[in-house]
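Please find one structure pasted underneath; my questions will follow.
We call the chains A, B, C and D, going by the order they appear; numbering starts again at 1 in every chain.
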Amino acid sequence: MSSPIDELLEQLRQFRDERDWAQFHNAKDLALALSIEAAELNEQFLWKTAEQASPDKVREELADVLLYAFQLADKYDWDIAELMREKLARNAERYPADKAKGSATKYDQLS
Amino acid sequence: MSSPIDELLEQLRQFRDERDWAQFHNAKDLALALSIEAAELNEQFLWKTAEQASPDKVREELADVLLYAFQLADKYDWDIAELMREKLARNAERYPADKAKGSATKYDQLS
Amino acid sequence: MSSPIDELLEQLRQFRDERDWAQFHNAKDLALALSIEAAELNEQFLWKTAEQASPDKVREELADVLLYAFQLADKYDWDIAELMREKLARNAERYPADKAKGSATKYDQLS
Amino acid sequence: MSSPIDELLEQLRQFRDERDWAQFHNAKDLALALSIEAAELNEQFLWKTAEQASPDKVREELADVLLYAFQLADKYDWDIAELMREKLARNAERYPADKAKGSATKYDQLS
């Protein structure tokens, strides 16, 4: 029985192959595509407060970011949930709860 | 029984609340944080070919992008797998397989 | 008598050549480097209001953006003041003062 | 007698004020706008080699980056040529020509 993540990856591979797009999908350009979608996501908030942004448009642009992020992970054959858990554990070490509490200071500047 | 996505979201909420960071996590700054991590991801490929980038570093930066993407979706109470499936279906309409085959042309320029 | 722009371009060329970096400076990676510096600029404002950002750090990161922008223009042998004037004139057409007044709406949505 | 930079800044102020846009132009959103234009610049190179990108489109997007960079500098009342010269001098210290020669290694990793 496959997970929602595996199903999405399978659909993304099929989407790519039906269009013969694997030839474009090197890791460097996938990362670039992701950052361009991230900018389109940010554009939804430009000259606005968070509340003034259209949730429908934010949702669409966030989806595009996630679709490229999944494709990049898949390019390297990585388990997406695993790499996220791993980094979250590392971030927890870098930002100890007692020192980081209520502060937006970057971890390497925490004393 | 919860999915890996739900488990990650629960861990992210706990991580945030132990540090009292909900006060910083408005949607505009979460999107901004995501795009900054996307740039750090791209930095791994700067002045390099895709193959020259360090997979370990790419993995870490991609994880940070995904962690913020999940937090932004969670801020809006969205189902992550659902919003991705929805957008993938829309992209399939925008880029019909027969017209897009082997072409990197942006969908609004396909004829 | 050379302009400040020409002097900066000359210094940038010398800086690059003393380090033998022309081999890395293709237009695609220069544009990528620019966007990474743009993200570092944005990082100064993350989780903050505009007023809370450190002007000294903003100044440094903005300088890096400009240095890459100048190098990219120089890669194509473009006159920087000229390309800016040209685009400003085009933007003035796209956003007629009477329609755009007081509105942050994107030009293609102005009616 | 004014420089091309001063003339451009004067035109940008006039462009902004005729549209009553100063209200939107806080430093945080100007930096965000700059990074969105930087992504549009990068989009010209997506799935392509540097040579395959359209110079005309690169020129337009680079111009938009520069226009926002100038407006951000002007927001802080900075002398643009001066801040660029200053950073170039700092970069020259960080990347000594003899150590950085022919290497794309980031300065903090030079030994």
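Descriptive notes on the structure:
By our rule, a residue touches a chain if its C-beta (ideal position, glycine included) is under 8 Å from a C-beta of that chain, and two chains touch if they have at least 3 such contacts.
Chain-to-protein mapping (UniProt): A, B, C, D = Nucleotide pyrophosphohydrolase.
Worth saying up front: this structure is predicted, and the values here are computed from it rather than measured.
By residue number, more than half of the contact pairs of B-C reappear in one of the listed pairs A-C, B-D or A-D, namely A-D. One simple way to say how far apart two chains are is to compare their mean CA positions; for chain A and chain D this gives 26 Å.
With centres set at the average Cα position, the gap from chain A to chain B is 2 Å.
Touching of two or more other chains is recorded for residues 24, 29, 32, 35, 38-39, 42, 45-48, 104 of chain A.
Shown here, the protein chains touch in all possible pairs. Considering their complex, residues 24, 29, 32-33, 35-36, 38-40, 42-43, 45-47 of chain B touch chain C. Per the touch definition, chain B reaches chain D in the complex via residues 32, 35, 46-48, 104.
The residues of chain C lying in touch with chain D in their complex are 3-5, 7-8, 11-12, 15, 18-21, 23-24, 26-29, 31-32, 34-35, 38-39, 41-42, 44-45, 48-50, 53, 55, 58-60, 62-67, 69-70, 72-73, 76, 78, 80-81, 83-88, 90-92, 95, 97, 100-102, 104.
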